[in-house]
Amino acid sequence: MILTDSLLDFFLTTRKRTEQICEPLEIEDYVVQPIVDVSPPKWHLGHSSWFFEEFILKPHGRDYKIFDADFSFVFNSYYETVGKRVVRSDRGNLSRPSVEKVYAYRDHVTHGIENLFSQNPDPGLYDILEIGIHHEKQHQELLLTDIKYILGNNPLLPVYSDDFQEHRTETHQQDWIAMEEGIYEIGHASDDFCYDNELGRHKVYLQPYEIANKLVTNSDYLAFMDAGGYQKFDLWHAEGWDWVNQNDISAPLYWHQIDGEWHHYTLNGLQKINGNAPVTHISYYEAFAFAQWKGCRLPTEFEWEASQEFFSWGKRWEWTESAYLPYPNYTKADGALGEYNGKFMVNQKVLRGGSVATAENHTRPTYRNFFQTGLRWQFTSLRLTK
Amino acid sequence: MILTDSLLDFFLTTRKRTEQICEPLEIEDYVVQPIVDVSPPKWHLGHSSWFFEEFILKPHGRDYKIFDADFSFVFNSYYETVGKRVVRSDRGNLSRPSVEKVYAYRDHVTHGIENLFSQNPDPGLYDILEIGIHHEKQHQELLLTDIKYILGNNPLLPVYSDDFQEHRTETHQQDWIAMEEGIYEIGHASDDFCYDNELGRHKVYLQPYEIANKLVTNSDYLAFMDAGGYQKFDLWHAEGWDWVNQNDISAPLYWHQIDGEWHHYTLNGLQKINGNAPVTHISYYEAFAFAQWKGCRLPTEFEWEASQEFFSWGKRWEWTESAYLPYPNYTKADGALGEYNGKFMVNQKVLRGGSVATAENHTRPTYRNFFQTGLRWQFTSLRLTK
Amino acid sequence: MILTDSLLDFFLTTRKRTEQICEPLEIEDYVVQPIVDVSPPKWHLGHSSWFFEEFILKPHGRDYKIFDADFSFVFNSYYETVGKRVVRSDRGNLSRPSVEKVYAYRDHVTHGIENLFSQNPDPGLYDILEIGIHHEKQHQELLLTDIKYILGNNPLLPVYSDDFQEHRTETHQQDWIAMEEGIYEIGHASDDFCYDNELGRHKVYLQPYEIANKLVTNSDYLAFMDAGGYQKFDLWHAEGWDWVNQNDISAPLYWHQIDGEWHHYTLNGLQKINGNAPVTHISYYEAFAFAQWKGCRLPTEFEWEASQEFFSWGKRWEWTESAYLPYPNYTKADGALGEYNGKFMVNQKVLRGGSVATAENHTRPTYRNFFQTGLRWQFTSLRLTK
Amino acid sequence: MILTDSLLDFFLTTRKRTEQICEPLEIEDYVVQPIVDVSPPKWHLGHSSWFFEEFILKPHGRDYKIFDADFSFVFNSYYETVGKRVVRSDRGNLSRPSVEKVYAYRDHVTHGIENLFSQNPDPGLYDILEIGIHHEKQHQELLLTDIKYILGNNPLLPVYSDDFQEHRTETHQQDWIAMEEGIYEIGHASDDFCYDNELGRHKVYLQPYEIANKLVTNSDYLAFMDAGGYQKFDLWHAEGWDWVNQNDISAPLYWHQIDGEWHHYTLNGLQKINGNAPVTHISYYEAFAFAQWKGCRLPTEFEWEASQEFFSWGKRWEWTESAYLPYPNYTKADGALGEYNGKFMVNQKVLRGGSVATAENHTRPTYRNFFQTGLRWQFTSLRLTK
């Protein structure tokens, strides 16, 4: 439980950090949406403000003046409870509101929250504020990965920043961590913040297994490519094989072969592949096929959580074999906040860990990220299990 | 383990049963494919023969003469190991081979097997023969459900048979079976035939739960419809809600409202809804939304298996909440037979039980059926859990 | 104007001819629809009967008993005036009514007409009867080309008939017919039957031009292919170039390269290309690109009509450069018959002549056929102009 | 023929005018592409500069330094001769080059041309310069209509300018101009600039006809809507009827019904419909259906050209019944400039006249504009003929 003063600080720091992420952008970079999964940065800035306005300031703000009534429509993402919204595929078609106006909206909302919480509001609001902050931190990660996609989709391949360290290497020896058969407890246990999907804590029975102390590296993955991994149907799910063929996939996202040598687009611009860095920007299908090729498999999310204290993690989101499902005794909140997680619990896979794009202190051993099996624009990777 | 003599009997009975299912058809009914999930009956007759020819007679038949070299291409379903194949969506565009020729092919293969197995073949072939028989029994179920779709898609709504009993009622009192927390063993245990996806047997830890002794009935489901179930977004997964809206779904498959009263197409022709019969032809999305509306949920496949001895089942395939995933220590066979199950273990849901269309003795407590979440042409239903 | 007795004869001969065309078919061949432009033969048989039932027997038949009320829905093609209809793309999904029943329907309608017209009906009905006969003769041509597509789409490539002469050669010397500048009269002039789209007769002014006395042959077309015609964008319309690339077109329809030599599927089965036969099964885009490559062009329909008496024609439908538009003073009939031609007068090209599939005496110098620019399953070809 | 000095002036004025059109825009408005037919303003600015660079400065510029080698790829529209290009549908996904950089590119090219043409270049270059200027004037029109679409697609419906006069009314009495049967000459005759598609001048024979001295007004069109014009299939082409139903069309583009009254979005913002202004933003299908409803038809482009001196025109582009085809003796230029017009001469309709968005002095009686039949974002309208 965070004290109320420090919660307001936490709020202000988070708001500021979001804006820092956007500092290197040109105005034009804020606007476009090259694929439907990516949102324009302008939209992230607006939507994370909308969340505070919609769930705190509109219902509870004293003398709060709505910035622009239309924004309720423009910046709603998927909350059916709240009313209609711009369809996701249309976000990149809107030139207005301008970036300048969106920043004015952010300031307006930030001051509204500051104002409200400096006047001892209803204690129940602190919980919503905390969710809102964590919501914004999730969007910080999306901001970074969406910016990478937007810049990397330009034929000119511009640099985002020379400082950003995407590729922290894994140079230690690969070893197997042996885990014993038995009952393990899974799910969030403390009083600290967590999402509803990490509850309720419950027991699972695990068979004996071994899990790698190291992520798969670019060198490992190049060996898979060189061995014809993308041509061997028997390594793939039927659905994955269709995905490979329909999308002509032959390498991770952002990889370009130039004069016979593999490069990849990074937030530092185009670079040669570093063999010691963990492979990234691969789909679940690719992670699965690689594991098959090694005669191994992906861990379940339970295996991952039970063993995570024995290896270091946090550079890449790690695909698991587990489908994203509710835990026993999962209950969703009433109203719009109940739409946060539960309604996505079908046909997605759980990812565990965190990545170089994850906001500081945002992830934890019980954190459950989730994506559809064909998506690659996050900093995804894999850890072998057997 | 079935004795070899009785295995040949089992084979011959199964072959005959397949043909009996087709007896009421006109030649034209054998040919069409109204949706991609449905295959023409002619194709099922050919494909179940192809399986025996491809995996037993071609490699092991003494003096076996291939009936027609092109059939290897025409009747392959998805076995990439075996070579190329007619794409699934094209099955209904082929007028040749004719139905008469397909029956001649069946006879040819049946006699080929009879011949081979009356001469003490390699004992290893019995295992493949057994798989082939079970494979054909799976296709018997598909034959019936595909025939229902083909006939029910004709504006003339012809009767398949007056005798077929689709709607065995559930008239007993609804009760909850209470199951205790603890470790349960899951998966096939005996020496009898089972599919690779039912292995290996392993322990799971279940939290306490209650499961209904009765399937949801048409009356129950009508109440859901009357309460606006198809209009309440908060009962549905986001993906399910899109499915409802994109496909304009407002009732189970085959339901027609005529002069204000609900009817459904059955293998006996168009009939009024029987309130006491279990609801059927619903997707996973609908099963989930119904359960949400009742304040309940679907069982996991483990909960179902652990409690199945306490209720009767077998009239409907029952959707579970479990994603179709490999059990711990699952290993797939080498070669083409390894493509049987494993490659579908992503983005599908497990169904447990069996249905009025299931071949006799074909299902068992550990049997795992699986489908994509939007499919409805099987005799699907649901059982509530809490 | 045909005398009334001979009109009934004409009717009966036409009905019989339609059935003769179907004689070589298996029942299965009557049912399928491999592409949306092709209709199942069963449907042609029913639809050409429906026309007589709907426009003559239902409104005017004395004591006529409707064969099956549902057929009005099943066999309507596009007449919105008449009511709803099975969507075109669904014709191949209907197994019922059976072929046997469709033939019974044909007989019923044939007798109904015979009966009615042997009793001195309203003289106005003769005009509708005459349209109905010509309508059926149009469907005879479609029947043949649709049968060719259905059979040619089977991997087994069955023979339709050993007698059918698809490829009457053009062995005479290629010459240019020089036509003088001036005013020409276009459109139907006599009292004989014609379609509304051939009226009203009117004057056009033509600039001087030369037109070939011979169709382009397979040899000519192979030279175009060998010269890289399908790879040279500057020969194609932008839309044609997209069509080539999106559909991976590199030869006319039905052409197969086997061991380095070009063959084509014909109604006599698979055969080597005959260099002297006119090329066929090409789209307007291909005809245009070929003409560009020769430094020539396609004739307009007016140029074709003005010069047609100086060359022989009738083996192939000939693409023209003219868009299908109404003639000056074109007026469409009231009611459903007004839907016959006029509503297709946009984004189609006129073809002139006739083909080996055209019913006897069905075409004439003023006859206007029309198709979308990408269609190839008719016996299409081209004649150069400059 | 324009004198060389004044041609350079004409060039500079044109370049300036393009930039004036963009003055009211926010940077964000330059970037988006809400439908594939609309291009981002940034792209128009770059592409009209690219044309001069590619066809004049690169091959002929003395000491000309290419601004950025990648722009050849980024700003090519459809010239296959020139090399590869960004696919049209991707133009709105590119955030870079920035708007600032594109303006720098424009300046660079403008100075390059100024420099080259102040040094007595090869006289042949003046022809290409003239085409380039007219090309840019065409893009000025597209700029305005694309800007209207971009702004009108924003839920906030921003004003482009308070001064722009979209809706000059037609208040004179509707009369019919009677034209005599006979031979008329069509096509460009003088030495002034024209496009290749206006040549060669040739004779046509026209039947007698009458053409309205006035465009159809909003009041006329509202009467058509009130009479159920969008619900009466018999007024429409089959293809038009599909277009109406698939796109749910029930009014011209930009029309909004607010509290029972019709408004439309204009470059001055949202306004009530003015009954006396000519209707605009309708497709060919709608123009045709309206004319059918009035018992009239659209003129051919020849009828329009032959009678245009007897009525005033230039407020709206007017749909004609004529397909866009080459004139007799049309010859296309060699190389890339040959791709300017000829390759679009299929499945489009000719529009005649000009519109409020047309650049000054850009259109003339022989000018042929052309679009696909379903497009509506130009200032299109219709004039009745009978």
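Per-chain numbering from 1; labels A, B, C and D assigned in written order.
As a working rule, a contact is a pair of C-beta atoms (placed from the backbone, for glycine too) under 8 Å apart; a residue touches a chain by one contact, two chains touch by 3 or more.
Just so it is clear, the model here is predicted, and its values are computed rather than measured.
*Asks:* Going by C-alpha centroids, which chain is farthest from chain B? Tell me that one.
*Replies:* If we average the C-alpha coordinates per chain, D ends up farthest from chain B.
*Asks:* Could you please state the distance in Å, as a whole number, between where the Cα atoms of chain A are centred and where those of chain B are centred?
*Replies:* Inter-chain centre distance comes to 37 Å.
*Asks:* Taking the mean of the C-alpha atoms as each chain's centre, how many Å separate chain A from chain C?
*Replies:* Measuring from centre to centre gives 58 Å for this pair.
*Asks:* How many angstrom lie between the centres of chain B and chain C, each centre taken as the mean Cα position?
*Replies:* 45
*Asks:* Could you say which residues in chain C touch two or more other chains, in rising order?
*Replies:* none
*Asks:* On the basis of the stated criterion, which chains touch which? Give every pair.
*Replies:* A-B, A-D, B-C, C-D
*Asks:* Which stretch or stretches of chain B touch chain A in the complex?
*Replies:* 78, 80-81, 183, 202-205, 207, 209, 233-234, 236-241, 284-285, 288, 297, 321-323, 325-326, 328-329, 338-339, 343-347, 373
*Asks:* Would you mind writing out the residues of chain C in touch with chain B in their complex?
*Replies:* Spelled out, the residues of chain C in touch with chain B are 26-34, 42, 70, 73-74, 86, 90, 92-99, 150-151, 153-156, 158.
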